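Chain nomenclature is as follows: A, B and C, assigned in order of appearance, with residue numbering initiated at 1 for each chain independently.
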């Protein structure tokens, strides 16, 4: 018997999962309180769509701004720290040590400082995304083949030309990885923050509905977030593959590419 | 075949040397003080000649080439290219080909070739014209729109050579350009290189580890000792041109190669 | 820069940060109610370390962290190895893993709460859930990191499956295993913290959350410092161990 193609199996699993979501609660094997039927979840999502939509906008707004911090700052700092040996040796180990700290414990500080509105979420998610993006970019910068610089110098490139015509184009894959990572992390950061202490946003809705034991609405929120994060991931990948057709064949030190991989793979604990 | 340690008698008349190396020594800073890399190197490369440098690993031949290219500075002595010193890279005088083609993966083949011209601000029309010409010269017509990841090792090196030639420098410096290729491709590339050389009449300084390659390609072979590198032999390769594969099986070829090998073995 | 210079520069930076933390609030440049001076925070820290309520919270958190870890590691490792070993299974699930990692797993926390309440089990279950995924991915990477040629050499000398497992896989994966455990613990800790801060009546995370809500800033900062210190200490200890084991890694 020939095994079916992996993608077929995946789709099949998805269908089975959705089917289970529908029928298992309905038959009462699992109480509706724990897992409302899929149809009910979709129904309340539809009925309350304006509420969820408004909440989604708040969440997206917070994600966008924290992405600016996490990615903008993260990529910049990462490029500088990773690119300059002095800074790298001095600061990088400090940053990777700090990475061990669960950033979420800082959130109460932010709510005390900025209140329960969007500001605290943006600050928190910004920092949450900053470290991994910075570490990933710092590692990625080092994968740029030093031979490129040598070749360009032999062709008479000036320093500004080296930076704009060689280093920046060669950094594009790293930057895109950083953007993808930063986006995923800020979404996670914003959602966690909204769930903990907030007055608006999808995370807030989920928590609110949990406390009043409105399971269908809780799961509607969960579903919305699932769709959001998966959509972001697919979008980021699509953009990345378009722009970076020529996945660099440059020399990679094993250490640098391993670091990059770990930093990239790391994030989603929350 | 003369065995000469110092080459003052092979120097051409004043003004005829494409590259002149005058008592160059180099010491670089190591973890425990200065490490002598090159010792009192003097040599002269005549215009239009194909000179090959061979020597054991670490003898400093790459450093010497880097200095000829203006990418590195010697601690003593001077290097002149067409009578003038070369403190910085000067792609209009000297083209450099490295062991790794180092083509920029985000640029197409043609864009890679014209990269040096675009650094200078050469107008687009002329850039295209010249890079197209170079593409044909190295035998890669039609591959202009391809990207480096679509090319084989040998093709990448050809593009690298085209890039080195695009500004029409009179001198070409090549640091083991075929070392990363398999033997068959190497032989083909060597043959191709000789063709390009005889067409363009450049002066070539070529570094290699392969004794066969050295004898096959060169007019003159300079043998360097182990670190600190000195020139210990200067061999004229009197085989006729154009060189053919059949020559590799001749006695003359074998003797020349053997002589180089003996020199290197002694020096170690 | 020499190693000594680097160490000194880092110490200098630390001193600078500490000085700023002390001076800025005291001088009023920064509101001392929002950012209490370092000396006050440290005083509070010492005071807190003596309180039985804090000891209880620490015990609870520690228990959750350990239990969740013990559950998550075998589960995640088994799944990860299954994915790495079996090509077919791997092909099915590997693309899924990337999607999974983009999802904020904290959104499932309400689900765990609905099912298990807000007690010990729920927090452990949630933390184990999130940690298992990290372990899974690292285990997959670890197994795949064992070089095929090493395996082939062993096979060509007639090694049995068990011998290959013990004499090639295990030593090969050892450094990666340690790293895996270290990273998994980081995420385990984070998971426990989130669960405790979200809906819990016990544990350090709950304490911190409480202090924040009540604007008890010195306590809050003290708690954060202690947690950070513990996390970093653990991380560095395992890192040192890793370094010992990986001298052969290129």
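Here is the rule we use: a residue touches a chain if its C-beta (ideal position, glycine included) is under 8 Å from a C-beta of that chain, and two chains touch if they have at least 3 such contacts.
Please read all numbers here as calculations on a predicted model, not as lab measurements.
Interchain contacts link the chains end to end along an open line, per the touch definition above. With centres computed as the average of Cα coordinates, no chain lies farther from subunit C than B.
Distance between chain centres (mean CA atoms), subunit A to subunit C: 18 Å. Between the CA-based centres of subunit A and subunit B the separation comes to 49 Å, rounded to the whole angstrom.
One simple way to say how far apart two chains are is to compare their mean CA positions; for subunit B and subunit C this gives 54 Å.
On subunit B, the positions that touch subunit A within their shared complex are 69, 71, 88-92, 96, 98, 100, 102, 104-106, 115-116, 118-120, 147-149, 163. Subunit A contributes residues 145, 147-148, 150-158, 161, 165-166, 169-170, 172, 245-251 to its touches with subunit B in the complex.
Per the touch definition, subunit A reaches subunit C in the complex via residues 3, 6, 9-10, 13, 33-35, 86, 89-90, 94, 97-109, 111-113, 184, 187-188, 191-192, 195-197, 203, 206-207, 210, 213, 215, 218-219, 221-222, 225-226, 229-230, 232-233, 254, 261-262, 265-270.
Taken in their complex, subunit C has these residues touching subunit A: 1, 6, 9-10, 34, 88, 91-92, 95-96, 98-111, 113-115, 130-131, 133-134, 137, 141, 179, 183, 186-187, 189-191, 193-194, 197-198, 205, 208-209, 211-213, 215, 217, 220-221, 223-224, 227-228, 231-232, 234-236, 250.
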